[in-house]
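Note that subunit A is present in both complexes that follow, paired respectively with subunit B and with subunit C.
Right, the complex of A and B next:
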């Protein structure tokens, strides 16, 4: 029943999004891209795809950073076009997607100011999807409380930040904790929002967000080994929406090394598969890449169903993965370091 | 002949000396008669031979686009003489590149200077505004408190702060300029971050300022912030930086401010002159470029197109010559040879290029020669489907049928004149309008179809006269052939009166041309016209469809396809004639045999049968139930004849469906054993030279993919099935669809008054 009313508000944008999705590079394109000798070749090939003339007005010689910027710019334009045409509840949904970029931007800026970098140098590095008005004045704040009171209280992130105010001052450790607490709150809120929306959106998005939450929990655990983060603090950072919640998270909280994390993952079929092939030796894929691959798979699956908002999220994530792939290949081409050029993550 | 069929094509192989290839392709490109085939489809775009040249062209295009953008920004008109320069020689490419490079660098430099100057100018203007506006703030305070009290103290309404500091405090302030839309968050942020301990005043700058980076007009506001203490100062400054506000020094003493304002004014004036000079220089550079830019664009694009084409070619082993394969209309082979010779001469090469005809089993592409009149119609036809190679081209007939069928629907003399005169304007002005290169889609549809619209307009004028409609009014040219035979009192007393055609009201002969104008005032005009236009529509439709089927006969004859004539065309035409042409015939019988001015009831309006009902009954094998006074049939033997016609027409359907595939199947079965026998014979005797030659020829010839000799028999059945269903259902539904001629005509007639 939800589906029959979906097209009234979301039909155009869903169609548009699916159209955009068809422009995502295929395996055949990647095979051609990895054969490129120079960045000019890369540009020439990308001209034959949906990217069209996006690099046509860039003077030679090309730099990887320019390609990166232009790829991102194109994605941002597409996303913002969709956001501008969206109505409730899709607009809130799309806003939710941008919050994660806001979190990243805030953390980037705070870390930057902590290292005495001028703010004007940091701003261009921020993701344009996560920019907000007060962003550039972030370096006024010296403590989390100030950060909240002066800067974030007006932004949509305010409710997520409430848990962080208690932190004493902004040092590297605390920033990392703030980031993860924010992200935890954000994921839980987004998850709840999608659940409320119900229908196919809930089905597809909860699956993806649950994986995102579990990935964060696992990575936080692995990264915490050998740092001063206590186990109690670590538990507070786990987003409680994934499949690992509650038993898996409890087990993770007790883990002391990588093997124990792996043992926890053994209980979950899909995560076991990810841990099995992962490793840091040559010829093996890193756990991170394995996670990315799984994420791509989930996002591709979102397109199998119709009449839901998951496609917008998935499109953005897939496109981001594609940007990472193209930049990786471009980087390999530019540095003449071809042995690892095949380490991109194919999407279709 | 080429009007009715697509051109005769030949696959040619072209050997070009590598030094002459460029100019030859350039000449061929000007001719536009060849279709080159890609000989290296497996090679990536960036691995082809001339990719570097293509890339250089891309770079040149980029520079030209940059130039164009700058020219547009300054609003300098670009000269377009409409001339078509030839593609420059490859060696000239370097000159072009150098020119563009120089222009681009010069322009970038000028722009950089201009930007720096503009930034300077912006800063000075902002400073000017600050000095002016802050003056107001300061004046207000001094005017408000005429006492000698410190003006800064009066600014703070909250006395507690002053008291806390014990005595008059020195308040610091910063002044600056900020984008107007950022004021509200800026103010909020100041309040929050400084806990309300700062005081902000702001005033809008009325005139928009130019942003030097993007040269957009932006609105800004002047603000001044008062605060106390160094800590607050650094914080305020940080916030200002965060909101991209520009801060300016502003002296405290009024006299210093006045002095500074004077200095700023003179510097602005100086800067203005410099800025004007820079602008002039920029304008000169751009104006020079604007004269040539269209020409340059064409040249660069031509070079790029030539290298793209060269990328389709094969290199031979010795690297001395390029091999191309192309489709050529056989009629134009001479012209192509000439162009090739010209190209060779231009390049100064001694070895002439070789153009070889190749034998091929592939289906050649369809190429219809058009001129400016037929091209619109050809596009119209191609939009529905392109005919196969050498099939009859429907476009020439469309020139008449399309505008005519349109006119049947549109028929109105007045509207037709408007339409025709609009199209005539486009046609007469086509040279100047075409040169304008208007990009709008809607305009291009109209302009591309100007001849179609013209003909539609002219035909509409004709049908408008037939319908006797001019802006939905009638013309009474010859005088109506009906007259009023009622006396005055009857006329006055009744609302509607009938004129009986069987009385003196009708002159017994029809209006000389088209519809009698009397119908315009008749109550039953629409009812009368409906039956008339419906019949006309069906008649046109059936003849139109019959004509289409006859065209297919012409195709079968041309391709000597006897099987198709026997098993497709004949059943098709029988089906069409026996059902639909017969219905048309019935209409004519009704028109001839039944009339209002007769005393015989059986031939009068009361007994006139409905053609539609008659036709439906005919297909359903029902006999019509007429009132007793009338005849059951329109003519003797009608019942039997109709049954016969329907049975035969229906029998044609299985013939259409099955005959051709079965014949093909039988032919193949007979053919195959024969072939096999021939082979064994050949192997045994080993002496039949002719056969062997044939055999070896076949081996040499590569078997192309499109060859349909081995097409699967089930495939043929399916195709024939689709074709039959399409034809049978099509002829029924099309007949009904032609009623749309009437429906739209009715709609037009009803809507326009």
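Right, the complex of A and C next:
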């Protein structure tokens, strides 16, 4: 019953998404790629996969940045096709997914504008999934105050700015802190939206977003040791939608070194498992790698259920991870540095 | 090559003294310049060895730095590069020049120093912070090495020039100046000898002539004495001519 209602609006797109998902590179493909000696071999192997002849028109010699751009282009085309065919509420859901790229683009544009770089240089560097109409207008503003009042209020990200960043903050705060504050607001808004949708979507998405929130909190804490970020500022960056809220976050706020963070994670079963195998010695996986693996596992699990929007989010994230994997292998091949070539995150 | 040249100078004892002094000066200059060339050559070889060492090290360090860039990209996606490029305001890594003196040659030496704190300490705060720290360290090492290499290479080029010039001078003194002076000296000596010989010959000739003249007068006197006429002329005080004292 639930399924048929979903299929009226979302059936075609879900089917399309699952079709795309089947084209994600398998372990056998990765084994082939890892054995390549040159980038031309890599291109040959990719031709046999779902990517086809996407590198056919590129002049040789191939560069890794070209491969990166082309992989992303394919992903963007697929996503935009799905977005164009979506109706409410799927369209809002897909828009929410693009807001994270928009945040990155806005930060880039703000930084560039404040340092008087020409807008024509900055626009091509923006992520295509995060483009919005007011992008060109950003360079009209010369100071952060004008930027805030004139431009940012019209963008879809306005609510994120309004809640936590004021005019002075734009001026004084470090750009990275602004980025992380925006992202926190975005995560919390996305989480609320998914919860509203209810049903299977809420089940799968909320779990994924909770993990993302906790992961950010942990990594921000670890990376802030030894920097000028005070504990109070740190707390302002922790998203409140994860499992760590409120006790874990309070404990993290008081942490002073890696061991204390690990101790906080001990209280939560999945996170304890992640900290277990991680370490910085060569040969061990880093904590970030373990987080990536867990994220991939959650995303793959989203496909086990039908009739929900989580498949679109998971598909995008898995495809992105695949792009990063292929670029990593390409870099190792191009630089002839094969010791760590197996450090990609396997998906299937 | 002008092999037969000598200085145009009037051959005399004074000139000979002058030439001897100049020869001594040229020889001293030659040995000093040779010492300088040797010192420079030694330093040159030292620098060459260090350059080779630094270049091989550079290759490895750059490789590692490029790889750590790939690692950072793997964790965060490749967007951070543009962000950092846009955020650049002032150079934080600066170079001072100092001078180093080797056997009278001033060589420039570059010294790097850091000015200002780390403006990018929050990059990768939410993802990839460790990779960024490693990346920053690796590229910092690479730039420091590059500055050292630049220093060495400028010294190398400068030294090369100076060594060429010095060697040219050494060779010029050895093969042109000193032979020329020696030839001049030989010429002076030979001219002086010839003048002496000429003098000697002249004296001998005069002696001969005087002997013949004396013999003639004595013969005439003897003949007169034989014929019974004695002509004795007393010394004439009015006679101003001095007879030759020697001959």
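As a working rule, the second predicted complex is superposed on the first by the 314 of 348 C-alpha atoms of A that agree within 3 Å, B and C clash if a C-alpha of one lies under 4 Å from a C-alpha of the other, contacts with A are read in each partner's own complex, and residues count from 1 in each chain.
What we mean here is this: a contact is a pair of C-beta atoms (placed from the backbone, for glycine too) under 8 Å apart; a residue touches a chain by one contact, two chains touch by 3 or more.
Treat the numbers as computed from the prediction; the structure is a model and nothing was measured.
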See if subunit A has more residues touched by subunit B or by subunit C, and give me that chain. C
Which superposed partner A:222 touches (first subunit B, second subunit C, both, neither): second
Which partner chains sit in contact with A:71 here, subunit B, subunit C, both or neither? Use first/second/both/neither. neither
Applying the touch criterion given at the start, work out whether A:39 contacts subunit B, subunit C, both or neither, answering first, second, both or neither. neither
Regarding the shared-chain residue A:59, is it in contact with subunit B (first), subunit C (second), both, or neither? first
Just to be sure I read the superposition right, which of the two partners does A:337 touch: subunit B = first, subunit C = second, or both, or neither? second
Name the contact category of A:17: first (subunit B only), second (subunit C only), both, or neither. neither
Should A:151 be classified as contacting the first partner (subunit B), the second (subunit C), both, or neither? first
A:328 in the overlay: touching subunit B, subunit C, both, or neither? Say first, second, both or neither. second
Could you say whether A:347 touches subunit B, subunit C, both of them, or neither, answering first, second, both or neither? neither
Taking the stated contact definition, name every residue in subunit A that is touched by subunit B in one complex and by subunit C in the other, in rising order. none
Residue set of subunit C touching subunit A in the complex reads 63, 66-67, 70-71, 73-75, 77-79, 82-83, 86-89, 121-131
Under the touch definition given earlier, write down the residues of subunit B that touch subunit A in their complex. 44-47, 51, 54-55, 58-59, 61-62, 65-66, 182, 185, 188-189, 192-193, 235, 238-239, 241-244
Subunit C partner, complex, touching residues on subunit A are 65, 68, 104, 107-108, 111-112, 115, 117, 122, 125, 127, 174-177, 180, 183, 216, 219-220, 222-224, 227-229, 237, 280, 286, 288, 320, 324, 327-328, 331-332, 335, 337, 340, 343
Any idea which subunit A residues touch subunit B in the complex? 32, 35-37, 40-41, 44-45, 47-48, 56-60, 119-120, 133-141, 146, 149-151, 153-154
